[in-house]
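Structure record follows, encoded as structure tokens.
Chain lettering (A, B and C) follows the sequence in which the chains are written, and residue indices restart at 1 in each chain.
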Amino acid sequence: MSRDKFGLVRRVLAIRGIGQVLTVTVGLIVLYVVFGIMNPVFFSSRNIANLLRQIAPILLIGIGQSYVLITGNIDLSIGSVVGMSCMISATMMAKGANPWVAVLVTIICCLALGLANGLLVSFAKLPPFIATLGTMTIARGIAQIANNNYNTDSIGEAAQGFRDFFYYGKTFGLYNTIWIALVLWLIFNFILTRTRSGRHIYAVGSNVEAARLSGVNVISATTKAYLVSAFVSCVVGLITAATSGMGTMDAGNSYELYAVAASVIGGISTLGGQGLLFGTVIGASIWGVLQNGLQFAGAPVAIRNIVIGIIVVVSVLLDVIVRSGKGSRKKHISIVA
Amino acid sequence: MSNSPYIVEMNHIIKTFPGVRALDDVSFRLKSGEVMALLGENGAGKSTLMKILSGVYTRDSGDIQIFGNSQIGDLNPRKAQDLGVSIIHQELNMCSHLTVAQNIFLGREVCNGNLLDDNAMNEQAKEVLSSLHIDIAPQTVVGTLAVSKQQMVEIAKALLCDAKILIMDEPTSALTSVEINQLFELIRELKRKGCGIVYISHRLEELQYIVDSVTIMRDGKFIIEKPFNALTMNQIISYMVGREIKEKFPHTLTKKGNKIFAVKHLNAGKLVRDVSFDVFEGEILGIAGLMGAGRTETTRAIFGIDPKESGEIEINGRGVNIKHPEDAIKAGLVLVPEDRKRDGLCVKLSVRENIALPNLDIICNKVGVINRKTERNLVKKAISGLRIKLTTEEVNASSLSGGNQQKVVVGKWLARNSSVVMFDEPTRGIDVASKVEIYHLMNQLKEQGIAVLFVSSEMPEIMGVSDRIVVMCDGKITGELLRQDATQEKIMEYATQFENKLGSR
Amino acid sequence: MKKILIVVCVLLLATSLFAQGAKEDSGYKVYLITMDQMDQHWVNVDKGAQKAAQELGGVDYKWLAPDVKDDAKQIESINNAVAGGADAILLAANGPNAVTAALKEAESAGVKIVYVDSAANYPAVQTLATDNTAAGTTAGKELLGALTSSGVSSGKIGVISVNSATASTVARENGFRIAFEGTGFQILETQYCDGDAARSKDMSANFITQGVVGLFGANEGSTVGIGNAIAEAKKSVIGVGFDKSDMILSLIKGGHLLCTMAQNPDVMGYEGMKTAVKALKGEAIGASYYDTGVSVLTKDNL
């Protein structure tokens, strides 16, 4: 029996990329303990519930950005899609539409943007940085005109079910938001590790020419990654609308960068081809713990920004230094140009 | 279904790229269970022919028969693969983050329903690998394997795709002798299974151990096909290079003077190994060899672009310490690089700015302000001295013809009174008239007592212009010839003198 | 000769009188130029200006604005107003420096300038705007009053604002802090939500976990988040905020927010018009800055 246990441990340790994930898990635990010591209220059950619920949206956008990073690309439109999703759904509900119809319409709009991202990058061969910078602006524009350049009215009593489903309700003692993030993480992790599409996503990020010559449909793989990213951003936008009970045009500001941070801290490489989605869970958790803990510690904004900035820069530096080898420097530049 | 023993028959293949006829009425045949060597110089058309067979390029005209079936219309990589053609490139194409099994099954993953069946794939990969006596665990991440092992994985992958026609491009260049023997065993096994193998290589000494027949190409034409045993090595080399040299190259006879440039025991990585040579006043030293022999790498190491491990450089008898191109330029040593658009010019800047760029120290005053008059004179002198054809010096460098662009690259150095000028493939992609002007320029320089180094892959050119020729192969200097003793055959002999890893004949 | 001269002079005098009178007949041309035409805020400024114009009489009033907030388009509007013969313009400047050149030209054409809501860096007759600092103090006083009347005299207070750069919200926060000086309450580190109501809600929830007794939001997004957090936590935390919106009003009605500070755009338009006409008539103006204040909206007066 104990031999079996060792076998499992050994198999886990052999997973490529597990090293960084284990390291940041330790980092997460340390951070958690430190913040708790600074302000014991941090450990309260009330805060734990809130904290998990605050981590959930970061995990969701992290999943999307991770998929895209693994293909060797980047998605800068994530935050704007969150805003677009929040505004489209809230505008419809504030005008009396059935919440679930609004959800459906919103999902369709966001997926259309994801499709555009995928095709611009893989078919039109635009550099991902430029392509998603463009769709980012377009999505933010759509968020603004959705309700004629105002924030929306309240989405109304009829939307209470919607608000509970996405944010305020609890199931088996945990907030629904947490369940949503967990279930979607399980699904997308499964797809990434156990299906052909997932394998192709890693291959395209590892060596797109080799993948192409092996008969992998590069356009399909790239577009799938962007569709995933658009979908999870859409869900986060719906969560935002549920949280506020209205749509704000500013929703999701800068989220694409948080998504990159969560992914990179968790071990997803910006050079493509490697990283574990489990790492993104840890990365998102670290991000959430930082935001929450720094507030409890009473840190002024400047310190908070510096701390977060340093952690992100160090993670990316480690990523590039550790992973860089011959040829990967070329790849790295390809994200930007 | 024909009764022909040939599994591949290509006839009258023509392929033209803009400006050059890469394949001119070429034929090629391959039998089942045969290893066919495909030989020829760089640029002979071997790669192009094989790319057409494997579907990467489409032919302009000619017919292809695979297993007796005529291929009407164009092939593509997938189609070719389905027909059993597999090509193992010299530049390996593996996803370094994935495992061996994952790479082998990339694009044709084994699934259990909709899910990947990694166990099945690992099993099958293990089978293929052991049937070829390759000792690699299928779960190994490819990026951690040595290049030689990666090559074997590529071969295993090709077999799993049921390849019956295997094209191997320089398969032994990265292998040790033990690994080469393993590879040859593998190839013999494949022969027994009925595969036909096209073996492209410059390592002529190795052919005897594995090759059955030989097809030789030259300048895009099919020259001859014969069983390997029916030809001597000299005959093979002769066929590879035996062109009639019709062009006359301008050559001036200048008195040889003192030693002005010496390179001693230069080592810089795998492609520059213990390189030593001298250049004397009044001579052009040509450096010949095949692609990948290390000639460009040598010039880059001398110029300070790539770091060197050891070696000394002397100019006019005095040692110079070169760590960066700036050091080289200050010492009077300049390089006209192989890729002029990428390394020689700033294509978005004007001709004037390009010529002025490395000469700013001459043009600017002490505070760093550019003296417009000095700049204008310098640029005008360079333009007229080299007869660069342009409307005004303000045009973008990219708008000039290849020949004129090359003159700009050269021109920017000539203002500096250099002692040594190295030219790396200076006439590649240039029209005939401009080529002649470059040859004249090199002659001018040598008459002025400047050491001229001339790297080129075109044998007629090197033999026509140089006073002395040094030949490199696989990072080492394998031979030296005086102009009057040089023949194409001798140069090719030296150029293919790879270290025989399999022991002497 | 003398006779002709006298007749000419009399005629000239009469004509000039007529000219004056003619002007009085068609009234003063006053243009309102806002940042855009859509925001409810500007619609209210326009309503106020219209009201004053009707009351005063003799005013030819027009509302001009670009369709979106854009410096170049606003400059165009100013130039159009001047070309159209404006006597005075009421301007809500997009940016303090962008329009100064156009204003200079307007002034040399004799046009009187009055700022409503946002001033530009150029001298004008008067600026009518919300004194954000004073408004912040008002909000603070409301919160303080509510706390003391429910028996709470010390504790922690949380502040949610937009960012550290936007002048208006920074001023509101400063004003808020002034109201709490010398009291037994401790104001915690301000959290910035970038205007995102969802982020504000998370931050407010964290404040509530830390045991705050009161919360202050410096703009709409911040305030909505505070209200939602208080509603969920079901704890006795008192929240006050800024801006008027459907959601905020419903949170007040639901008892989750105590009150909100709403600007008075209609006062800006109304008083602004009156000032413009006074200036055109040559009357004395008074203060160069007019605080149009905030209305405190509570459950009772909604």
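Methods note: a residue touches a chain if its C-beta (ideal position, glycine included) is under 8 Å from a C-beta of that chain, and two chains touch if they have at least 3 such contacts.
Please read all numbers here as calculations on a predicted model, not as lab measurements.
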Separate pieces, if any, that appear once subunit A is removed in thought: B | C
Reference subunit C; chain at largest CA-centroid distance: B
Rounded Å distance, subunit A centre to subunit B centre (Cα mean): 45
Inter-chain centre distance, subunit A versus subunit C - centres from mean C-alpha coordinates, in Å: 39
Distance between chain centroids, defined by C-alpha means - subunit B, subunit C (Å): 73
In the complex, subunit A residues that touch subunit C: 39, 41, 44, 46-47, 50, 53-54, 86, 94, 148-154, 168, 239-240, 243-246, 248, 250-254, 291-292, 295-296, 298-301
Contact footprint of subunit B on subunit A as seen in their complex: 14, 16, 194-196, 198-199, 202-203, 205-207, 209-211, 213-216, 273-274
Contact set on subunit B toward subunit A in their complex: 77-78, 81, 93-98, 102-103, 106-109, 111, 114-116, 139, 141
Subunit A contact footprint on subunit C (complex, rising order): 36, 38-40, 68, 164, 188-192, 194-198, 201-203, 205-207, 209-211, 220-221, 224-225, 228, 232, 245-247, 250
